[in-house]
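Below is one structure. I have some questions about it.
For clarity, chains are labelled A, B and C in written order, and residue numbers in each chain start from 1.
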C-alpha cells in the first residue's frame, strides 16, 4: 500500500513535468500536441549522448555520487539536453506547426503532431537502436525503509523526486516573479490584449516551446534514470501526459502538476486491483471519468 | 476649440475581418492634438472595427491612416508603442489572472526607458492601484478595471489613445469619473479617440464627434452641436437619413 | 500467371477492406471535421465482436454462438458503434481536441483489453479457427479468394453509394455546415454536438464493418492486428486521397497501401541484412513524412472535395495574422 503510494508519487512527479509543458502548449497554441511525449525521448537520448561525450572528455566527471547512480556528467548533460530539446521543439514548430497555424485549423495541427511523433520516435530508433539502454550500468540497490508495511526506496528515486520538485519550483518562480512569466500568462489569457500591450506573440510561442521542451527533457532523463531509455518511451507516456493535463484542466500549470500525481497514483494503485497488463489503459479510464464528471478538470476554466 | 492641426488622419479607409468582406467602407476621420473625438452610431455600425483598424487588428483593404508623418497601415499590433499609440479594448482589457501590479509591470515592459519609474508614476496618479496592487485584477470592480486598463495604456506615454467603450457596464457615477479622467488626459496634450454607445454622456466630454452607420461616415461635427441636433436621435432610432458627411 | 492473379486478389482484398475504413474516417474527418485518433479501436472491435459471434467454440472462453456470418458482421459493426457512442457522448460537446485524445486513449484501451482479457478475446494468442462463409462449398483457395474479393467489393460499393447519398442529403449538408461554422449551425437551431455524435458513431460502424471483413479474410484475429500504426496508415490514405471526397479516399488507399507494400518488399529484397531490422522503422518514418508532407504541401489531397460549402474551409484567417501578411 505505502509502496504503491511512493511509486505513484515518483512516477507522478515525472508525469507532472511532462504534463506542465503539454498543458502550456495546448493552451497557448490551442492544439493537442501528440508529439509532446517525443520531447521526453529526445531529452533522454540527448542527455545520454552528452553524458557519454562528457565522460570521454573529462573522465573524473563520470564518477558516480554514491549512493546515487548519477554523475556530474549526467547532471550537466541533463541541463544541456533541456536547452537542446527546447531548441528542437522550436525548430519543429518552425518547420511544421507554425506553417499550419497560419493557414489551417487546430485539428490539422493535431493531425500533423501525430505524424511528427511518428517521425521523431522512429528516427530516434534509427539513430540509437531499438534496444533499451541505461545511463549507468551500476545496479543500484533499494534500501528497505520499512519492513511492514514493506517500503523499498532507491537513493536514485529520492534524487529524482527532489530534482522534479526543483524544476517545478523554478517554473513557478519564472511564472510569478518575472515579466517574461507575466507575458506568458498574459498570452495564455488573452492573446490580442497581450499583443496590444506590446508582447510579440511569436516570441512567447518560442518561450512556450523552450519551457515545454526543457521540462520534457528533464522528465525524460528522470524517467530514464528510474526505468530505462527506449525509443518508444514517448509512445508509452503520451496518454498519461494527456490524462494529467485533462485531469488538471487544460492550460492550468498547477492543474497539470496535480494531474501528474493523480495519474501516477491511479496507475500504481490500479495494479493492486488489476493484472499488471491493464496498466497502459489506466490513463484512458482517468480521462473518461474526468470527461464524464468534471470535463474542465480540477483547475480548468469553463469553455 | 483646441489646436485643430490634424494629428491622426484617416482617409478612404475600407477594412474588415476577412479578406474582401469589409465592415467599414471609405471612412474619413481626423483627430487633432489633445482633442477628444468620439465615434457614435448604432450597433453594428463598424465603430469598434474602425479603431481596431487603427490598432492593426483587422485587415485593411484600402485607404490611409497616418499619425503625424507615419503611416499606420499594416502595422503589427504588438508595435503600437513604437508609434506612441495605445489601445484599450472594450471588454477583457486587463489580465484577470495577474495581479494589478503584474498587469502594470507587463504593460511597462513595452517601454524601453525606465519601466520602474513609469509604474510608480501610474501608481501616484491612481492611488487606488496602490491599494489594490497585490490582488488579482479579476477581483476589481468595473470602474477599477477601467482605471487599470487606462493606466496600462498611459504607462507608455502615448500621443494618441484609442478606447473602445470605456464606460460600458459602469454605473453612471463611475462612467462620469472615467470620462473626467479622459478629459484630464487630453488636457495634457494626449489625443483620445473614443467609441461610445452612451452618446449623451460621451458627447458631453468630447470636442468633436463622428456618427457612423452601415460602416460609413454619416455625420461629423462639434460635440455640443451634435448633442443638440434633433437628427442624431433619429439616426439612433435606426433612421437611414444621410447626414452631410 | 495464377500466382500473379492470386497475389493481385490478395492485394485488392486488403486494399478494399482498408478503403472501407478510410470511407468511415472520411465521414468523420472529411465531412464533419471530427478527429478520430483511434481508428484501430473501432476496426478492432468490429473484428473481435464478429469473430466471437460467429467464430468457433473455445474451451473455457467466451464465444462460439454460431451466428450466421452476415448477422455477426452486423453485430461487430454495432459493437464498434456502441464503443464510439460511449466515447463520443463524453467528448463531442467539448473542445474538439478532447475527442482526439479520448479516441487515441480508447485505441490503447482496446488493445490492452484484447491482450489481457483472455476469457473474452483469447488474449495474446488471439482467436483462430474461424470458418469463413461458404468455405466448405468453395474448396479451391484461388476461387475462394476471388469469391471473397467479390463480397468485399460489394460491401465497399454499398458503403460508397450510401455515403454518397448521405453527403448529398440535407444531413450531409448539415455535417459540412457544422464543420465550417458550428456557431452558425447552432444559431439555426441545429444541435451540433448531437449531429457530430451521430456522424462519429456512423463512421465507427463503417470502421467496424471493415474490421469484420478483415478478420474474416484472415480467419484469425489477435492483438497484433490492433497496432497503432493502422490508425496512421488509414489517415495517410485519407489525407493523400483528399479529405471530404469519397472517391479520393478510395484512391488514397490504393496509393498509400501500394507504397507501403512496395516499400516493404523493396526493403526486404534489396536492403542489407543489418538494415533489415530497421525496415519497419523506415516504413513508419515514411508514413509520418507522408502525413506531415501532405498537410503542409497539399492539404486538400490528390482529389480535393467538390462539395465545399465555403472557400475558407481550411484557411481560417485570424485578423492579426492577416494584417501582418498584408
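List of remarks:
As a working rule, a contact is a pair of C-beta atoms (placed from the backbone, for glycine too) under 8 Å apart; a residue touches a chain by one contact, two chains touch by 3 or more.
Computed from a predicted structure; not experimentally measured.
Looking at which of A-B and A-C shares more C-beta pairs in contact, the answer is the pair A-C. Every chain gets a centre from its CA atoms, and the centre nearest the mean of all protein CA atoms is that of A.
Separating the centre of chain B from that of chain C, both taken as means of CA atoms, is a distance of 54 Å. In terms of their C-alpha centroids, the spacing between chain A and chain B amounts to 44 Å. The centroid of the Cα atoms in chain A and the matching centroid in chain C are 31 Å apart. Multi-chain contact residues of chain C (touching two or more other chains) are listed as 320. Multi-chain contact residues, meaning those touching two or more other chains, occur in chain B at positions 57, 76-77.
In chain A, the residues that reach two or more other chains under the touch definition are 192, 195, 201. The residues of chain C lying in touch with chain A in their complex are 33, 35, 37, 87, 90-91, 93-98, 100-102, 104-106, 108-109, 112-113, 115-116, 228, 232, 235, 239, 277-278, 281-282, 284-285, 287-292, 295-296, 299, 314-316, 320-321, 325.
The touching residues of chain B, when paired with chain A in their complex, are 55, 57, 76-81, 86-87, 89, 92-98, 102, 105-107, 109-110, 152, 156.
Those residues of chain A that touch chain C in the shared complex are 26, 31-32, 34, 96, 99-100, 102-108, 110-112, 114-119, 121-123, 125-126, 130, 192, 195, 201, 235, 238-239, 242-243, 246, 250, 275, 277-278, 280-281, 283-285, 287-288, 291-292, 295, 303. Across the interface of their complex, chain B is touched by residues 179, 182-183, 185-186, 189-190, 192-201 of chain A.
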